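Presented sequentially are two complexes of subunit A, the first with subunit B as partner and the second with subunit C.
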Partner chain A sequence: MTRSRTVSTASPPAPPAEPGPTGKQNAPRRSRQPARGGAPWRDRPMRTITPWLFLLAPLALLVTFTYVPVGNMIYYSFTDWDGVSPDRDYVGTKNYTEIFTRPELFRVFAVSFYYLAASVVQIVIALYFATVLSFDLRFRNLFKGILFFPYLINGVAIGFVFLYFFQDGGTLDSVLSWFGVGADHAWLGSPESANTSMAGVSVWRFTGLNFVLFLGAIQSIPGELYEAAQLDGASRWQQFRHIIAPSIRPVLSLSVILAISGSLSVFEIPYIMTGGATETSTFVIQTVKFAFQFNKTGLASACAVVLLAIILVVTWIQRRLVPDEKVDLV
Partner chain B sequence: MGKRTLSVALLATAMLTVAGCSGGGGANAGETAAAPANPDDVSGDITVLTNRTDLVEDGTMKKYAAEFNKTYPDVKVEFEGLTDYEGEVKIRMNTEDYGDVLLIPSAVAKGDYPKFFAPLGKTSSMKPSYRFTDKTDVDGKTYGIATFGTANGMVYNKALWKKAGITDWPKTTEQFLDDLKAIKDKTDATPYYTNFKDGWPLESPWTNSVGSISCDVRGHDKLAETDEPWAEGGDLNALDTLLHDTVHEKLSEKDPATTNWESSKTLLAKGKVGSMVLGSWAVNQMRDAAEKAGENPDDIGFMPLPSQKDGTFCSTLVSDYQQAVNIHSDHKEAARAWIDWFTGKSGYAAKEGAVSALKSQGMPATLDDFADNDVKTIERSAARTADVDAIDNASEIGLNKPDYRKKLIDIARGATDGSLKGYFDDLNKRWSEARQTAGS
Partner chain C sequence: MTLTTAARPHPHPQKQKQTRRRPRVGTTLTYLSLIAASAVVLLPLVVIFLTSLKSYGEISDGQGALALPDDWLNFSNYATAFTDGHLLTAFGNTAFILLFSITGTVIIGSMTAYAIDRFDFRFKKLVMALFLIATLVPAVTTQVATFQVVNSFGLFNSRWAPILLYMGTDIVAIYIFLQFIRGIPRSLDEAARLDGANSFTIYRKIIFPLLKPAIATVVIIKGITTYNDFYIPFLYMPSEDLGTMSTALFRFKGPFGAHWENISAGAVLVIVPTLVIFLFLQRYIYNGFAQGATK
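Coming up: the complex of A and B.
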């Protein structure tokens, strides 16, 4: 314990790069000797505390609103709590056993494939527009705005808007009828149609996000590269293939991770639009129903933990298959 | 090192919080919230939680409070209207701050009532004057008084049915289906509206009618005693078959996925929809909608379900939300005074066209047709509701949740594979399995 004071003085988090002769990592400890003179500011106790004082507010918020609830959830997942009762019993891994012995609970992941397919479409569309709009075009800022706008709308509002859109005789039907297509189709009526329709809504909503990510990455490519390529006679496609594509790889890989975890945990759109009826239920909707309809908060917490684990595993596998390489264009 | 200290600190905080959360409950339990002997003696501020945000917003609740203050001048009543009543109150009940008077959320297990609410009196002494006491009776004490009760049946548009040449109430499900077909053939109205999207009209109105078919006061309690509630001859079998056949014969709305409750009221009022299974509370709302749409409110009628037992129609009488007193309340007397006044003197039940919790007050005007046609209203027993709910939750069927009847409708209209028989078998199987684990 006697060491502790020295140690804590010695390890300030992320010491700023120190120019001059005392630039070495363990220099501060030695510099305690008065011989160094002038007792620099970073030797005083405040030097250690200050960064933590600054961090106090964000850490308190992070702990209160992220770690404590997650800790609580993990704790609930080992109990049979019904969500209201003051009593709860520790039941060990019973909830987890139940999840893994009930295959029907995982059947809802089939619905995720609709959204996964949709996110492929979404990434392709976003990539296309990001590439096109990164070149000098007329009205490009307007188009950027139009593409990004849906992402700014609240998911619940989108659910309601599209409920009217898909209604019998609603917007979609009337637009189709202008083109002479007599659509007498209940868009949310059958499982395939409903899931496809809602996956389409999800594309509409999230393309903007992908688009902005891609656009940012593309615009960070130095302009000389294009000039040089043009001088060498590269076509637009060749520019994309050899300049743009390699440089946005990290962002692309991030988008894929987001797409996969997003399609495993779809919630707002189907919950608002169909409430999970007609085989449109997802794992999260199912979890919410356990917790708030059947008062099985313990089981629902376990489901949430399992979903978290699944997403972590999928991400890990993906990072293994497609490692993040350093991009070096020049 | 610093990092490790931090994570240990984080963990410790988390543990403390977890431990802190698991406390609560148990304070001054058992103390009865008794009505004050002298109205002038009670004082205090009380908060009343309600699901009727509409009445809070339009000032109706304030008027009730002003009226209440004429008798109890020193009690100040505040209202808190909650749109998602069930969801919000359920979470607030983990603390001690859930108002002084509240409606008992359905998520609270009956056995937990003594931990959350102050008893209102011995059931044996309350039963003679109050309806629906067995719904909140735990070990001989009553914990809640119904805001109102409702008879269950079908809201229909009289003018439309007359236009289709139907004058008498259908006595069997076959007659009912024939009548709906007549409406479909002779008018351009939708004979039946399921309200599939909103979901709740598929839950309570149907499940509350369990007992109407067999004309059995214990109809609902018996669910806890059977392994196969959907077996031939059971109430659930009859009700769900009726719903299935109505949808299967294409006598309901074309696109159930996009229905809308608010607009359905206008549709029924205007005679574009023939009928809906609902509680009698809905009649006044439909009549309001008719007035707003410029139609005759008297066209809205209420009939029992199309089934007779020994030549008479039956209709279950079921309690709506029950008002209870928070066990942590500092003003239990004032809270009880409010409940008593609201139940007996406010005229709330009559205004809603519903059945008062007080036996001394008769049936509302909305049920005049029932009285004229000798429909037998039976106050359904809720003695075993706790057991039924336990089995229901364990089976994840959800008799009072929309999903299982939504699936029934999906099967009926061919959106999902399956047959009615197969679905009933599956429900029976899940019910009987759950009965084993839920222990009854």
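Coming up: the complex of A and C.
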């Protein structure tokens, strides 16, 4: 169909191709030998240039918006630049020593543990519902949709929804009062409670993605495996342990890496909900504040480099531990 | 490739046979857990919807968040959110950014995939490594320096800043196209070559039309993530009339203070388009995001 649409300009070459250019006939023509008459695509210079013409724009964007910033960032991290003035001084590793010696700068990483714990909860919940919904249930698609939908919602909207949810006399307090748990609790008032609450929001928001990933992996298991297992008298748990668990390992390891790098670079929810107040600031919020509020571009760059390095190391460790068969670029 | 197989409604017909032998005790508990989870997901959203229909008086009279609104047709808060909250401008800006960044991503991603899959050239490995390594760099950290690059182009406070950033950093789209393009037989290219088509014609007339399912996936994922993105418009478009749905909603915080009825209406207005898209394109969305995350 598509073939008939191609422009067939008055073409002198290749009489054998005319009757029917099927794949079989073309196969031998792919060899490197120069064609008679030397059609333009075969000359060497054109062929080497063509892919670069296609890659010109993509590579330009990639380099401009990913590699140049990373390079600059590393360079800024050794200066005391404020992001505005034309001059900047080389200060060596001063910014880095500052990060690692001023405990209050490094302490924000502690907040990440709340979100890391939340991701564990999130993965467990997702795994449970993926297993349950991989079987035929009534309203299966409805439940699937409900569980996944939060992942699609705008982060700012989620922030407001849960600000109201945790408000004094808000949704949560009202629900708790049904169960007789009265006392109005300022959920976002103390550091511990605020961080726990927002980690809970992150569970609410991201469980859906993990769930759909797990469900996809479980559903790609051929049904005969379960039948064979049932014939052999395997219990539900044994089926999970020996059939489902091994087949979702790649997706599980992906979820773990997303969880770790995600909890290190939490930004949206706490920034929108508390602005980083009451010790809910995360490393990224702190970095953004250094860069765009206090004009400490040098220090902020050093923070960003540290975070980037941590994430690269974590990814590298994960790749070593679980050789990922999914990464097949070629 | 996974897209085409998974898009069929029942990929595993054998499964139905096997599920008939469900243990009955667990079933009730299973449904209970599903209903509980659904309640947890829906309750916060439903309450925001209820609040958006209330008046300021109803909210402050201490009836609690779960009380039903007096007038179910009270849409005045939506009108306020639209006019005073500048959501109409925001909608226009978001649409503008979506249009250009999605088109750009599709063209750039498919061109890259075509070049990488269909040509052998020097430094091909290096080029692929560049794209691969870029996936590991969390964009949120590099904004400190990206900001300076964007600023030096004079794009700060313009809608082109997010458009370029969304176009330039979407590696997931390239992977989706790359996976798909491998399934298109090379014999099609060869046949067109013999008819005298050059590489660009082949890309435009053969590869691109055949990529339609992959394009649909990329458009959906890219559309939703762009619509939801907060950080980039927040950073690069602080000007009042350059709000997107995210940043315009974020600005509700100041002027509306404790006016939760207006904030709720704004949040509902931001969520509704996503809900509509989700209801109509469910299947593609599941596949798309699963593919996007696993690359």
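Here is the rule we use: the second predicted complex is superposed on the first by the 269 of 330 C-alpha atoms of A that agree within 3 Å, B and C clash if a C-alpha of one lies under 4 Å from a C-alpha of the other, contacts with A are read in each partner's own complex, and residues count from 1 in each chain.
Methods note: contacts are C-beta pairs under 8 Å (C-beta built on N, C-alpha and C of every residue); 3 or more make two chains touch, one makes a residue touch a chain.
Note that this is a predicted model, so its numbers are computed, not measured.
When the shared chain is aligned, subunit C comes close enough to touch A:Glu268, but subunit B does not. By the touch criterion defined above, A:Phe129 lies against subunit C but remains apart from subunit B after alignment on the C-alpha atoms of chain A. Once the two complexes are laid over each other on the shared chain, residue contacts for A:Asn295 go to subunit B alone; subunit C is not touched.
In the superposed pair of complexes, A:Val68 makes contact with subunit B and with subunit C alike.
In the superposition on chain A, A:Phe78 makes contact with neither subunit B nor subunit C.
When the shared chain is aligned, subunit C comes close enough to touch A:Leu147, but subunit B does not. In the superposed pair of complexes, A:Gly170 makes contact with subunit B and with subunit C alike. Looking at the superposed arrangement, the partner reaching more residues of subunit A, out of subunit B and subunit C, is C. Shared contact residues of subunit A, touching subunit B in one structure and subunit C in the other: 7-8, 11, 13, 63, 67-68, 72, 83, 164, 167, 170, 292. Interface residues of subunit B, counted against subunit A in their complex, comprise 1-2, 10, 13-15, 17-18, 21-26, 87, 90, 93-94, 105, 107-109, 112, 115, 196-197, 199, 254-258, 393, 396, 398, 401-403, 406-407, 410, 413, 415-416. Those residues of subunit C that touch subunit A in the shared complex are 6, 11-19, 21-23, 26, 30-31, 33-34, 37-38, 40-45, 47-48, 51, 62, 64-66, 108-109, 111-112, 114-116, 119, 121-122, 124, 127-128, 130-132, 134, 136-138, 140-149, 164-165, 167-169, 174, 178, 185-188, 190-199, 201-203, 205-206, 209-210, 224, 227-228, 230-231, 235, 245-247, 249-250, 252, 260, 263-264, 266-267, 270-271, 274-275, 278, 282, 285-287, 289-290, 293-295. Those residues of subunit A that touch subunit B in the complex are listed here as 7-8, 11, 13, 63, 67-68, 71-72, 75, 82-88, 163-164, 166-168, 170, 186-191, 194, 274-279, 289-290, 292-296. Within the complex, the subunit A residues that touch subunit C are 2-3, 5-11, 13-14, 17, 21-23, 26-27, 29-30, 39-41, 47-48, 50-52, 54-55, 57-59, 61-70, 72-73, 76, 83, 125, 128-129, 132-133, 135-137, 141, 143-157, 160-162, 164-165, 167, 169-171, 173-175, 177, 204, 209, 212-213, 216, 219-220, 222-224, 226-227, 230, 236, 250-251, 254, 258, 261, 265, 267-268, 272, 284, 287-288, 291-292, 297, 300-301, 304, 307-308, 311-312, 315, 326-327, 329-330.
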